[in-house]
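This is the structure I want to talk about, given as structure tokens.
All chains are identified by letter, namely A, B, C, D, E and F, in their written order; residue positions are counted from 1 within each chain.
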Amino acid sequence: MTFIDPSWGVKSDYVHNLAAKGERADGRGMNDYRKIEVTTDFIPHAPGSALVKMGDTQVIAGISLQAGKPYSDRPNSGVLMTGAELVPLASPEFEAGPPSPKAVEIARVVDRCIRESDSIDMDKLCIEKGEAVWMVMVDMHVLNYAGNIFDAGCLAATAALHNTKMLKFEDGLVIKEKQKTKLPVKKKPVECTFVKVGDAVMLDPSLDEEHALDARITFGMVEKGLCAAQKGGKGSFTQPEIDSAFELAMKKAGELRKHI
Amino acid sequence: MGMKSDIKLIDAKGKRLDGRAIDEMRPLKIEAGVLEQADGSAYLEWGNNKVIAAVYGPRECLPRHKASPYGSTLMYRYNMAPFSVDDRKRPGRDRRSTEISKISEEALNKVVLTERFPNSMININVEVLQADAGTRCAALTAASVALADAGIPMKDMVASCAAGKAGDHIVLDLGKLEDNFGKADVPMAIVPHTGEIVLLQMDGDLSPKEFKTAMTLATKGCMMAYEEQKKALKAKYKGGGKK
Amino acid sequence: MTFIDPSWGVKSDYVHNLAAKGERADGRGMNDYRKIEVTTDFIPHAPGSALVKMGDTQVIAGISLQAGKPYSDRPNSGVLMTGAELVPLASPEFEAGPPSPKAVEIARVVDRCIRESDSIDMDKLCIEKGEAVWMVMVDMHVLNYAGNIFDAGCLAATAALHNTKMLKFEDGLVIKEKQKTKLPVKKKPVECTFVKVGDAVMLDPSLDEEHALDARITFGMVEKGLCAAQKGGKGSFTQPEIDSAFELAMKKAGELRKHI
Amino acid sequence: MGMKSDIKLIDAKGKRLDGRAIDEMRPLKIEAGVLEQADGSAYLEWGNNKVIAAVYGPRECLPRHKASPYGSTLMYRYNMAPFSVDDRKRPGRDRRSTEISKISEEALNKVVLTERFPNSMININVEVLQADAGTRCAALTAASVALADAGIPMKDMVASCAAGKAGDHIVLDLGKLEDNFGKADVPMAIVPHTGEIVLLQMDGDLSPKEFKTAMTLATKGCMMAYEEQKKALKAKYKGGGKK
Amino acid sequence: MTFIDPSWGVKSDYVHNLAAKGERADGRGMNDYRKIEVTTDFIPHAPGSALVKMGDTQVIAGISLQAGKPYSDRPNSGVLMTGAELVPLASPEFEAGPPSPKAVEIARVVDRCIRESDSIDMDKLCIEKGEAVWMVMVDMHVLNYAGNIFDAGCLAATAALHNTKMLKFEDGLVIKEKQKTKLPVKKKPVECTFVKVGDAVMLDPSLDEEHALDARITFGMVEKGLCAAQKGGKGSFTQPEIDSAFELAMKKAGELRKHI
Amino acid sequence: MGMKSDIKLIDAKGKRLDGRAIDEMRPLKIEAGVLEQADGSAYLEWGNNKVIAAVYGPRECLPRHKASPYGSTLMYRYNMAPFSVDDRKRPGRDRRSTEISKISEEALNKVVLTERFPNSMININVEVLQADAGTRCAALTAASVALADAGIPMKDMVASCAAGKAGDHIVLDLGKLEDNFGKADVPMAIVPHTGEIVLLQMDGDLSPKEFKTAMTLATKGCMMAYEEQKKALKAKYKGGGKK
């Protein structure tokens, strides 16, 4: 039941023609983000949450905290789980049902970005060694899909984690009552995504640019370096293209981080 | 319904836990046209409920065997975000959301002029972002606004509100604690201009008289919700909205 | 793969024309049930069971008893689970596979009716506080679908619960041996379903009447009042229609209860 | 098969736990035409087994890719009701019912004149209501009667019965305890007029000689089942049946 | 999405014509196996494994060992689980997704053959009575489907079980380290499959013969007799056909067993 | 990545646990044309990884809605056999295999001349039989050979290899312990003739400089894998292969 909009072909030509001239349909520079707004605590009932608007793209990340058994090889460490739902509310392209490969990819790249950046201090999430640890569940819920869920979703996730308060744990049960203590989060991993359209490489693709893309590259950036990367799309990058995108990502990551 | 507890839901002065009078609704505000991708949309806050609705269509009906030559097929999807409830909701359909989707879809069929768009489908998707009792009424109320925002021809809106029993009183629009510790819940939805009932559920324990009182009160609540629906649509068309 | 019988359209016209004259195809009055037969203990191996025939509609309810963990917020209380299977044996309309929305609705309304009527004395089903309680599973299995599964199913479920004997629990295990003690069931919740065809409202719809209906209302009735209600169908009821159907339901519930 | 136990399945006089002789079948009775919706149906009690079968078709084959221009596609569905067994059976297909459905469907293909109805399907649905060993044979025996009741043209019936090994004896039609504590089970189904074998399974531990004895005994059992099938159909057509 | 190769019809006629003359397309006698090769320990990381080639049919069986709870009615006994995956790699007929009825049947017949032959000494697989026992998982993975997966799969499973080394169990955990001790396997159950094409019955069907078959019979043979049987296909066997196939199976089982 | 441990991954002489130099790949050997049913196939051993790939197609695209008039639809399926890993892998898709399949499929789209076969599909199925770090690179490298063996027209091969960080060194082609206890993994795939990057992932913790070093090293690894791919295809066409 793949959704195909007949206008994509026309729009794709338009995007390509502009790109060849170094231009974008919305007038942005090749290395500009769209307007970004971050609203933390958008879901005050949840331990942590953030709504991110990146242009017309809207993603909420909500954090749930549960107590659970640790993995047997890390009896002292909390557990992180990351999910992304591309609900049909957000786009005519999205369908109800089990997560599409696209949703799985987004969730897994954001998961790696948070996990590998060592952002959450997992060893502080032990309740009782080998028996009970905090499980941190990050759920990205896309409300409007207008391109670049990677960056908007990761920003929402990181902002939500920084906004998260711990819950009470008493007599073996989690009490759903937010504490003053914050979730131990040390870093601000963010993702910067570029797409290649023809020979042009541009930051933060809009929806039309995503439909027109040849290849995509996402860098997961943490303060001192790289924690994740993911290439997508049916085209390719040259090594110099990757190099210069990566250098730009290092600058842009700082910009993104200011929103948290 | 009906968990036992010592909580006194109505005080001596007839006030409820959150200070509301017995026939007072929680604050409700609705904004139309909040999503850029959808053909129509609405965002709604009702007490601590936060709900967003989007409408796509009329468009080609997929899967095709659901298409009808007599009119457009409405498809209503009520869904809770994982973080919308205290115990994380696992993504995907469950029995509760299946039932709510079914009866809400049936309710909207009464007002949408589906016969104008044979063989097509109209998708109504509602996401509950924060749940605080009464989400099915909130969802359906938001969905009607989203349908209107999408320009789908309708005879009228569908407006929804619940009444219930807290302590020994029939009260309007149960809050979360009233829902947990109250004795009955009666969600309703009506067609405002005619008063026709398009959704009615009840669970709990009510005498025949209480049931009638609850329906009367819920109907009033539906009319209050309808006022907010109209406000939202006016604001959108005055302001020109977002789009 | 929706099943559509081309004769439904014709039959629907016929049902509407009759209804406008206050008549029904099978000659019943508007407020009559079809012939009801209840056979309890139809499945003697099960702790409890009942076969209900309501006209040509046939539903078996079977009860299973298992030991399980109670919910953490009700450590003393037994657990009720209610399911309905609309197996393809019962109708050309039913398909194999996961429960359809129709099956889910029937199961949930019967579940609420039994649960909210406080019919089962859940506190007597505790085996060991917080550790083990009896789980009562009610399974409705439709053998022939000829309309009004709500009422036939709920009657079968209540009759089966009243027919249920406890099992032995020894050394942490359930022994599949029926005891003399009965399941502690105090009330007889039943459902009364009306449909609206054109402007006529009638009790206990036949299959053709269900295919022709504009709207449907089910009342779950317990001795002293109402315990559940559910409106269905793409049409509507007026308030007076609901009121008079409800008054009738109070009488009819008594009739149904005599079968248990 | 083969759980160890001290239970003596055959006593000194050659009688079995339920008093049956070694070559004695449990009581079997079949009624045809018991369901009003189905095109054909049968209810069967065999010992404590209670089984009901319904046939729908020939009708349009859905999904379409399963249709064959050479004949009707038989679809056999063996299903256990949740309450049919001591440990509640979770609804839905499992590996056991998938296998039983497959081989029973293949068995019936031998007798149904499928070539008369190209591109159609015939659905054979069997529900086990109470299970007491031998349900696959009971189901297939009931299904044949339901097919005949539906007026589906067939070369002959398919009749089914099992033999097995209890203690050191080859016995007919294992009961529940014999099934749990016996040493082998050999379910069979034949075409009565020709003796052709259309279903044969075995599990347990049998010498070549025992296997042959078991097949011979099971064949006799199939013929006994066939007599009951004929009785049921005659009773239906004499009495005019329910429909 | 059933896969149908238009050449099957023609090939089936060819197979039938040959069979009527007592011949086979690959020149084999009616009671000959194709060339059999068994490579044990093909997956050295696994506790046990074997690759079987039977003509062009290739099946790997791999054994996994886990610790788990025993069944409550056999607290001393290990647990056997058998699966078969007919992955799309192995044939254009196979599809991704949940196991097809064909895969289920193969897995269940091989399971019964191993289980009922009492091949594995389950009572030696108890770790702590009622608490922990070894679970033996047999997974058959078909690499190339050229007919007769029953026999090739069962031979691979039995060869793999005979090749299996126990793992360490320490402090409640399985250590993935192969021990010198072998899995206690006492017998060599094998399967012999015949198909009937027209009036001819032949051993070890090739792919074309499977497509052309009227009926199929598989015998699970253990040293002293029969442990499993399974008839398949839309046709039938006469009693004499079964008898003579069974007698042949007793001889052929010995041939197969030499490969282990 | 990044499990803590005292294991010293690189010794004083710059040798790795398995004796390899920092820029040394594990032994890799590939055989083309190993399966008789598939249109093309390849078997690959890389260190202790054992991987087999099969290609079917171009053939009719099913389900039809995935067909494209602009070219053949590649469908890549990465799957692990249950016994391929220490903790038995439950059969069926999981999130990891879904992601790997997606990005590998995209990578191959760069080289396959899909436009030659509109409305068709080409299935590329890879089974991991024994897993030992680096299976996605091994799978993709084998898949390219299987495509060539199937005679599918391609611009070039896709060759794949990973680099990573073990201890403080950037090393080629992580082994299993290096994967578990190392600090970063950078799987890559390139088009050998042009050096274009068609697959690139990274997880762990790398400075910008380390990342560049890793990409350079991985590219070398890809070229080494490419040499083996060519050898396999030559051997097949010299020897005439199996088929």
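Some points to look at:
Operating definition for what follows: a contact is a pair of C-beta atoms (placed from the backbone, for glycine too) under 8 Å apart; a residue touches a chain by one contact, two chains touch by 3 or more.
Please read these numbers as outputs of a predicted model, since none were measured by experiment.
Taking the definition of touch as given, a chain qualifies here only if it contacts subunit B and subunit E alike; none does.
Path length between subunit C and subunit F in the touching-chain graph (shortest route): 3.
Using CA-based centroids throughout, the chain positioned farthest away from subunit C is F. The copies subunit A and subunit E differ by a rotation of 120 degrees on their C-alpha atoms, rounded to the nearest 5. On a Cα centroid basis, the chain most remote from subunit B in this structure is E. The mean-CA centres of subunit A and subunit B are about 31 angstrom from one another, to the nearest whole unit.
Subunit B and subunit D have Cα centroids separated by 51 Å.
Distance between subunit B and subunit C, defined via averaged C-alpha coordinates, is recorded as 26 Å.
Across the assembly, subunit E contributes residues 1, 99 that each touch 2 or more other chains.
Taken residue by residue, subunit B touches two or more other chains at no position, since every residue touches fewer. With chains as nodes and touching pairs as edges, the resulting graph is a single ring in which every chain has exactly two contacts. Partner subunit D is touched in their complex by these residues of subunit E: 1-2, 73-74, 99, 101-102, 104-105, 107-108, 112, 115-118, 217, 220, 222, 224-239, 242-243, 246-247, 250. Per the touch definition, subunit E reaches subunit F in the complex via residues 1, 42-46, 49, 56, 58, 60, 62-64, 66, 83, 85, 87-92, 96, 98-99, 137, 139, 141, 143-146, 176. Within the complex formed with subunit A, the subunit B residues making contact are 35-38, 48, 50, 52-54, 56, 59, 62-63, 77, 79, 81-84, 86-88, 91-93, 123, 125-127, 129-132. Those residues of subunit D lying in contact with subunit E across their complex are 1-3, 65-66, 95-96, 98-99, 101-103, 106, 109-110, 184, 186, 191, 194-208, 210-212, 215, 219.
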